[in-house]
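Okay, so chain A shows up in both of these, paired with chain B first and chain C after.
What follows is the complex of A and B.
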């Protein structure tokens, strides 16, 4: 890589020899590097990308049902039928609710764990007495496995126990909320409207980005973001009827209150982790900077709001990436807390396991897995692209 | 000398004759035997007793007891499926008799036909004909039944019923008349637990609503799933659900039984493993401490499920596995295992004195009643249907729409090939 530069710098007489030597050295280095990387490239190629490819292929076959367990199972190519069935089929209702649940799980976990973790980190950043001990205590839930914390929380959230009887000790009436078995839902929508809702969401995002950028470059923000967003929103509002219904019948999905218990448990487990991330970040900010901010008259709130937290943007981004993919892999916690068949708290990952290994519908299970994979990619690919761009700039 | 020699020969021959049966009992099988099951927790000791018998008869075999915990085998079956797909079958594995075995393994041509073993051991006569039909197909018999459980049983505490002034209902109409009264007194009329117990309740209700003939017709594909009978079954189920506890989904079946034992609920419909739980864990005497009747409207019908063991093709230690199956099917094995597990023996000649009062009554019904297969426990329908049914049940619990549920069942049946 640096070859031309070095060649240019070296004295004339030595040029042919040294360049040759460098070339040889460089190609030897490259060969060594290649040989060292080869085993992991092959392994990753087979066990990650090969299997992703295999799963995609499986999801486009009809592998399932009778005879699916034979040594040479029959697999016929059916295209996207499994996906179409999942999103629009009569029997896909469970999957659709799971998908809605997954969205809420992700959003709530991100907001809860990042918010709470940041809050605790700011508190600990004030260097209270016993900070070390507190830090360990807050980080400790991370070391438990989901099965263990799930079982504990199931007991805590039992209808007549744990959290619900807590107020009794302070002389209040015990709570009667059914943390894990409530049948009520809020924010209910009809799946038929899902296309319209998606466009609304897109319009909303455009407008929000526009408002956010308004301060920096008003003209561009209005032209690029605000106007398209408003036009899009208005179009759906007026002509939304043209968009086809996503389903042939009405089907209601919403935010099931029974998931609150599970969200609580996840936030409890992961806020310690985000706390550790932020705390490390806060400690990395030099004291000089802080003193400078204080000298300029920044309050404590101002320091965090305008100096510390913006500086930790990379940490926020990695916390969001990690937490969002954890929320997409939520399986054991739900399994331990509400059991395998519980539509109210279901999750696509759980559905995938049951469809595949209990229902013997391998193709359908593979399709669910690929849907999950694509959602995870939606979070991770933009991040990776951003990383590459940053590296390119250096 | 010659006489002495002859005498010695006679003695020698006699010794051989006496010794021969013993030699036959202690076989010279060698190697390993891997048994795959989900009998861990409460059923562990029962399985150990069986393994002890096997070890006595086959001292040369090292038994590997591969259990995967998890109620009704949810986890075990997933592990088993990955092993089988990977071409690494255990020597013998536990499976619910019926479609769970046939739909998944026999149709995939992964099991060995046990009909020769059944004939050799004389099992064709000791197991009820109806049962052999359910564990076999036209091409053979596929597993050895070890336990029989009854699914359609309603449990109660006699003393509590007396206190509330009600009697165990004979029909669902009876139940629906006494239920409001119980509810107004603050008692849950029918205790329910998480999803699979709803499936379990459903099969008892549906059996009562449509009758045993229609039930059988449903699973043989002669009665469509969106027929009026089926809609009626879902309607009745919806009515019964009004009288169940609201926190059902966060309870295990034991906790639902506890509600009955503690007097918070009046009745509970559960398989007869509840008898084992109440006798062993709750120390209640069958008949006096707790009572039972066939679930409403199903008197004279025995909805059964059975645990059985099969022989997969390509079992690494086939001879050892066959010896294991012989122990399972034998009278000794069966009567050792079942009293400990709280189930009854599938054999018609089992020694009833070894069983408790509940099991004796169940064994009597087993011999005299009409036998039908359970859906929730893998006898009536294959895995694909059973798995899909769980989500239809969840849909129904939310929407309470009988027509939609029947239609979904019909679609599912088409997909599952019923």
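What follows is the complex of A and C.
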């Protein structure tokens, strides 16, 4: 409180006092900065982290059934019962098929949207006439809501119309595929074998990574990836029978062909997004580098294959993260295209909604939500940690 | 592509692009054609054909049904966009120019909120809004959109403000400007493009949102996406109405996209590629 007075009284000591004042102002400003951020920190803390914690707790209770809609519902701790029930219980079959759907769905969406988006971006990178108009055409679906695009696609995929009658205009027979109501499935497997299949997938990934790294460091690739992968694969093949069955009865799940239409609609909506990402990336590559690659004898294809696409790896990673996020919360589009309770095209995100808000089984819905969340976290946490480390380096 | 000659390569290029463009426009064409038909003229085998009689009444009929939802969505979107954009701007200012110990960690923790599947917070959100007496109406939905919009808006503004030279801030501080006066006099006037990008992004996101709309609002507060889903749901629909409704529901965001597409793309890129 005395500080300002002293400044006025002793002009000789002005400089140190003033810097002292600056220091105090600076720390006051820092406090103001912190206080500005504080409300948002509290909101995000409660609404994101607090709520996730709450849902984890809910998933370990028996909240549901009658009386569940009261503000203070009765909840008893039941541990992991809901999860065990979802994965191995008699009534969890629907959820398990939804989970299988979600996996196929994510893989196909990623391959389709990244592939098509990259392809269009390469075409537009040739600077054709009308590039602006074309870019607008490829990107407009992205601005629409899933309910709008879902409604339109439902009509486009009607069994005796839409896409199916298109071949007629070119002199062919109309298609008869039941896009959204087909009951056929391919790549069917028995849920009892799911543990064995998981180990096979792990072995396959190890071998693929090993083959991929073979060129860079052959010794390490063989030792770290290839041999463990082959050994793991061989072990399950020989001793797989020892692994416990994941279910007490046979239950078949596969890739339901009815989801093809939904995948198609999502690719239509989101390949423009990956196109925009890659196009921005291509534009960021200097013309000099491109000319140099051409001088070195790279063909058009070679330039993209060996120079441009590898340079844009961060963009590919971003696209994969965003698209897998979108495919995991896929709710609106399926709701609009086949309704919320179509078994063949189900998805955990829809199942969660139906279980919670139609069936009032809150604990079970929370468990489904946590499964979704954990799958999402598998992709996102490494990505965010990587981003954070990168910030530190700059 | 040095010379624009009539080569095999350019035939392939333009041919493929034209074909792809047609495929991408197909749903828009189908929606328009169907919306313009009389209900009696709509049949599956002739779905692609241009209507013999153009029927504009589908649009006015759909508008009558969707009008309350449309107004709800307008209120919701404007309030949600304004709230999350203003807060995001302040957060971005702190995250980029007033870093303190741990602020980068907090920023990363913020970003995480952008990537969670919203099912994981739906039940506590539902319970909290009920306890706050906000369930069912627009204010609760606005609150949700503001809070869960914070990660993306903070991210866009942080990246935007990191382009403002720190020297500019430093010299203002030496002139005696404090935290808020630097924001008001220097940072805010420079960030109008940032506000445009962020609010366009938030506008489209909130306008298109469906999950919270259906789980957290009662009939009278339904946003347009829920209204459209109700209009299109049910078995015996005459397809001209849902198609006209889809076009109406898409118009605001489509207009933004067509006229301000540049900014929309910048928001889209800001959400995925950093700096």
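Here, the second predicted complex is superposed on the first by the 354 of 394 C-alpha atoms of A that agree within 3 Å, B and C clash if a C-alpha of one lies under 4 Å from a C-alpha of the other, contacts with A are read in each partner's own complex, and residues count from 1 in each chain.
Keep in mind that, in the parts below, a contact is a pair of C-beta atoms (placed from the backbone, for glycine too) under 8 Å apart; a residue touches a chain by one contact, two chains touch by 3 or more.
Model, not experiment: these values are computed from the prediction.
Novice: Go through the superposed model and pick first if A:223 touches only chain B, second if only chain C, both, or neither.
Specialist: neither
Novice: Answer with first, second, both or neither: which of chain B and chain C does A:71 touch in the superposed model?
Specialist: both
Novice: Classify the contacts of A:24 with the two partner chains as first (chain B alone), second (chain C alone), both, or neither.
Specialist: Neither: A:24 stays clear of chain B and chain C.
Novice: For A:305, is the partner it touches chain B (first), chain C (second), both, or none of the two (neither)?
Specialist: Touch partners of A:305: none, neither chain B nor chain C.
Novice: First (chain B), second (chain C), both or neither: which does A:353 touch?
Specialist: A:353 contacts both chain B and chain C.
Novice: Determine, under the contact definition given at the top, whether A:181 touches first (chain B), second (chain C), both, or neither.
Specialist: Only chain B; A:181 stays clear of chain C.
Novice: Once chain A of both complexes is superposed, is A:144 in touch with chain B (first), chain C (second), both, or neither?
Specialist: So A:144 only meets chain C here.
Novice: Regarding the shared-chain residue A:339, is it in contact with chain B (first), chain C (second), both, or neither?
Specialist: Once the two structures are laid over each other on A, A:339 reaches both partners.
Novice: Quick one: name whichever of chain B and chain C touches more residues of chain A.
Specialist: Result: the larger residue contact count on chain A belongs to C.
Novice: Counting only touches as set out at the top, which of chain B and chain C does A:313 meet: first, second, both, neither?
Specialist: A:313 contacts neither chain B nor chain C.
Novice: Give me the intersection of chain A's contacts with chain B and its contacts with chain C, in residue numbers.
Specialist: 71, 154, 158-159, 339, 353, 357
Novice: In the complex, go through chain A and note every residue touching chain B.
Specialist: These residues of chain A touch chain B: 64-71, 73, 90-91, 93-94, 154, 157-159, 178-181, 183, 258, 338-344, 346, 353-355, 357-361.
Novice: Considering only the defined contacts, which chain B positions touch chain A in the complex?
Specialist: The contact residues of chain B facing chain A are 74, 77-78, 81-82, 84-85, 87, 103-105, 107-110, 194-196, 246-250, 382-384, 386-388, 390-395, 397-398, 407-408, 411-412, 415-417.
Novice: Residues of chain C touching chain A in their complex?
Specialist: Listed in rising order, the residues are 1, 4, 13-14, 16-17, 20-21, 23-28, 30-31, 34, 43-45, 47-48, 87, 90-91, 93-95, 98, 100, 103-106, 108-113, 115-125, 127-128, 130-131, 144, 147-148, 150-151, 154, 173, 176, 178-180, 204, 207-211, 214-215, 225, 228-229, 232-233, 239, 242-243, 245-246, 249-250, 253-254, 256-258, 261, 264-265, 268-269, 271-274.
Novice: Give every residue of chain A touching chain C within the complex, in rising order.
Specialist: That would be residues 25-26, 28-30, 32-34, 36-37, 39-41, 43-44, 47-52, 54-55, 58, 71, 120, 123-124, 126-129, 134, 136-149, 151-156, 158-162, 165-166, 169, 268, 272-273, 276-277, 280-281, 314-315, 318-319, 321-322, 325, 328-329, 331-332, 335-336, 339, 348-349, 352-353, 356-357, 362, 365-366, 368-370, 372-373, 376, 380-381, 384-385, 387-388, 391-392 of chain A.
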